[in-house]
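Both complexes shown next keep chain A, but they swap its partner, so chain B is in the first and chain C is in the second.
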Partner chain A sequence: MAYNWNWGVFLQPTATGGDETYLGWMFYGFKMTIALSLSAWLIALAVGAVVGVLRTVPNKWLSGFATAYVEVFRNIPLLVQLFLWYFVIPELLPEKVGNAFKQTNPILQQFLASMVCLALFTSARVAEQVRSGINSLPPGQKNAGLAMGFTLPQTYRYVMLPMAVRLIVPPLTSEFLNIFKNSAVCSTIGLLELAAQGRQLVDYTAQPYESFIAVTIAYLLINVVVMFGMRWVEGHVRVPGYIGGK
Partner chain B sequence: MHEFDWSSIPNALPFLWDGMKISLEITVTAVIFGIVWGTLLALMRLSSIKPLSWFAAGYVNLFRAIPLVMVLLWFFLIVPHLLESLFGLPRGSDMRLSSAIAGFALFEAAYYSEIIRAGIQSVPKGQMAAASALGMTYGQSMRLVVLPQAFRNMVPLLLTQGIILFQDTSLVYVSALADFFGAAYKVGDRDGRLVELLLFAGAVYFVICFTASRIVRYYQNKLKTA
Partner chain C sequence: MISMNKVSKQYGSFHVLTDCTTQVQKGEVIVVCGPSGSGKSTLIKCVNGLEPFQSGEIIVNGVSVGDPRTNLSKLRSTVGMVFQNFELFPHMSIIDNLGIAQTKVLGRSQEQAREKGFKLLDRVGLREQAEKYPGQLSGGQQQRVAIARALAMDPICMLFDEPTSALDPEMVNEVLDVMTELAQEGMTMMCVTHEMGFAKRVASRVIFMDQGRIVEDDSKEAFFEHARSERAQQFLAKILHH
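What follows is the complex of A and B.
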């Protein structure tokens, strides 16, 4: 097989002119992936926590709403959701809001649509973890809280949630890893994150192997860093006496 | 506010159905190959032969660490070229469907192998010991005693993973292969009715996946009570 390996290509200035290198492009994509994933993750945690709690409350309407929310976001493919956020929702919003969105910077549009999409997609999964964390608590905890004269919100706030939060950290690790991987889907609407830059590099440099290997290694790197970070967090929040606890 | 016009959908139904057949074809083949290759990987991982278990662990961890989109791009942009130059195939042969299936199968096998490994480990150790005591070889006890019990417990998880895979097949969009989603997008783009077609595609995926996951849950409950 005659293939000219040329790892030096990353240090060459890009064909579009300017003094950027292809490595600079990759770094831009890397930063975009990180920024997108982290901002979406924060929203997903907040929304997921609320929806997850609602799934466990006795009120039929609230828990029904939360169940519907989770089912909708879990049963539509991520790519379809992304296209709905990017192409459809701006059309369905009131005209003023929709036009305001369409007139903003295209990169910002792509970023916002991707962020909302990833955040809500992940929030449904976070909600499921929160729910199973709350349901895994012994029922006596809730009863004890209520018997002490706490209201239901107080029982959640002071008794159940502090425990549940610590129990769900390990399963949340895999969701956190997933959000970085899922962010690659956003390359389909033109957001220049890591995977999209990889494709661009193939087109511009005609060095497909180097470009793809570099992007793949970047994803592996993110994965390893997140895994070690979360292991450290898990070590700190483990509940003594529970499986996996100290 | 957007004026809805659904009129382009009825005429496009045959085309969309062709797309759906491609989606289903990819799903079914990838599930079958994924389970077979995943079982082999799980057995390798649990094997006492170190190099085999290292290979399986490396394979599973690698595929679980990179995004599916990346795997698909490898299989669409790089692997066909590699095969062409290795086997002297004519340039530009259309391998998109087969590379999609290969990409999905190899990727999903990593996830299946983790499910199957957990399933095998959930079978009580005494079963293996009893099979050995009856004079069965390792292969026989795995095949006749452990795996049948493991698979029975795993069916719901394997099916759920299949539903996820069906959703993920929409990602063949990156290769411009006209699966169901690709077909819907093409029709919407052609008729200037993207909003309607995307909403329709979302609704179809929702109905299929929701129904399928309900069936899996029903089966799971039946399994529990049995």
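What follows is the complex of A and C.
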């Protein structure tokens, strides 16, 4: 194969001038991916927890709303949602707000649209996990909480959610890994995250193999850390004498 | 203490309870028995409002359970309940299981709750298990903890929903002993159970249910010696003669 391997490319100054290297570009993308995914994940957890709980409450308006929410965000392709948030929603906002958004720093615009998009898309999936966690509890637990004199919110808070959350740590790990992988979609609106930087590097250096191997390794690195982190969490919240406990 | 008047409940066209009427006086121990599906569990779950009912009236300590203005949580905090499957909170230690509702519902301090908890664990003979988790205890031990947990709220009466049905036979007695002791101390109790020995020892009255109706409601002597309905006689013959 007549390919000129050149791993030294990462240390070369970029063709755009300045004293940045291609490695610096990569690192910028790496940081962007992490910042975007983590912030979206935190929102997804919070919103997903609330929506997931609402799906299980005995009020048909609340649970109906939550069901509709989940179906909307789960059934539209992520890419389409991203375009909606970036291109369409700012036009639908009240003119003042829309204009304010459009006048901010373009990177911030891309970041905000990407964050909201990833967060809400993932929150629908988190909500489903939360719901399944709650539904997998023995039905008597809710009655036991109520019978002690807890109100329904207290029963969720002290009895059902602590167990439900423990049960769904493994599936939540997958969602957490997914959000990092899904963040690559945001390169389509120009956000310079890891995948976008990889492609940019190819354009500037014509070294696609090195570039995408580096991108691959960076994603793997992130996900290995997430996996070990979540495994630690799982071990930490284990209930003695219960399934998977010691 | 507990008064039920023509309580009826249905799911669609299926009648789970039909015109159930009975009274429970302070200090009485009522055993509720009957074939499975006869509505026993549903009946006692109506007493603390865990099961809604469509018509009739239940008054517990002067408060109407079915009244939408009733603060059900407050009512429930005064009525202890023990379930077939224990329903301890698996993520909390035994002592926390006893303490959580004392602090969050009754507003007792952490220390008061623990003290009360230890006292009750002593009473059911499980003090050494205080820091363990429910999953580490046997079924009989878990059910004794569940009784202690209900007592921690200083209930005015106790409801038992088949408290020994999920237990291995050798653990049944340790739970019945605790219940017997409680009955002898004068606790007002409604127990759904098939333990006829327990009924003969401590019951003030026996209620026999069939197809959602209270068929017999009589003193234990009258019930065991000459049950009036044929259905109750068949039931007794089946469960006593083997």
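One rule holds for everything that comes next: the second predicted complex is superposed on the first by the 244 of 246 C-alpha atoms of A that agree within 3 Å, B and C clash if a C-alpha of one lies under 4 Å from a C-alpha of the other, contacts with A are read in each partner's own complex, and residues count from 1 in each chain.
As a working rule, a residue touches a chain if its C-beta (ideal position, glycine included) is under 8 Å from a C-beta of that chain, and two chains touch if they have at least 3 such contacts.
Bear in mind that the values here come from a model prediction, so they are computed numbers and not experimental data.
Colleague: Scan A:146 for contacts with chain B and chain C and give back first, second, both or neither.
Modeller: second
Colleague: Chain B or chain C: which reaches more residues on chain A?
Modeller: Between chain B and chain C, the winner on chain A residue contacts is B.
Colleague: For A:181, decide between first (touching chain B), second (touching chain C), both and neither.
Modeller: It touches chain B, and chain C stays clear.
Colleague: Quick one: is A:138 in contact with chain B, with chain C, with both, or with neither? Answer first, second, both or neither.
Modeller: In the superposition, A:138 touches chain C alone.
Colleague: For A:79, decide between first (touching chain B), second (touching chain C), both and neither.
Modeller: Only chain B; A:79 stays clear of chain C.
Colleague: State whether A:163 touches chain B only (first), chain C only (second), both chains, or neither.
Modeller: second
Colleague: Taking the two structures together, which residues of chain A meet both chain B and chain C?
Modeller: Of chain A, no residue contacts chain B in one complex and chain C in the other.
Colleague: Would you mind writing out the residues of chain A in touch with chain B in their complex?
Modeller: Those residues of chain A that touch chain B are 1-3, 71-72, 74-81, 83-84, 87-88, 91-92, 94-95, 177, 180-185, 187-188, 195, 198-199, 202, 208-209, 212, 215-216, 219-220, 223-224.
Colleague: For chain A, which residues count as touching chain C in their complex?
Modeller: My answer: residues 138, 140-141, 143-151, 154, 158-159, 162-163, 166, 239-242, 245.
Colleague: Within their complex, state which residues of chain B touch chain A.
Modeller: Against chain A, the touching part of chain B is residues 1-2, 62, 65-70, 73-74, 77-78, 81-82, 85-86, 167-168, 170-171, 173-174, 181, 185, 194-195, 198-199, 201-202, 205-206, 209-210, 213.
Colleague: Of all residues in chain C, which touch chain A in the complex?
Modeller: Interface residues on chain C, with respect to chain A: 45, 48, 50, 72-74, 76-81, 83-85, 87-91, 100-101, 104-106, 132-137, 149-150, 153.
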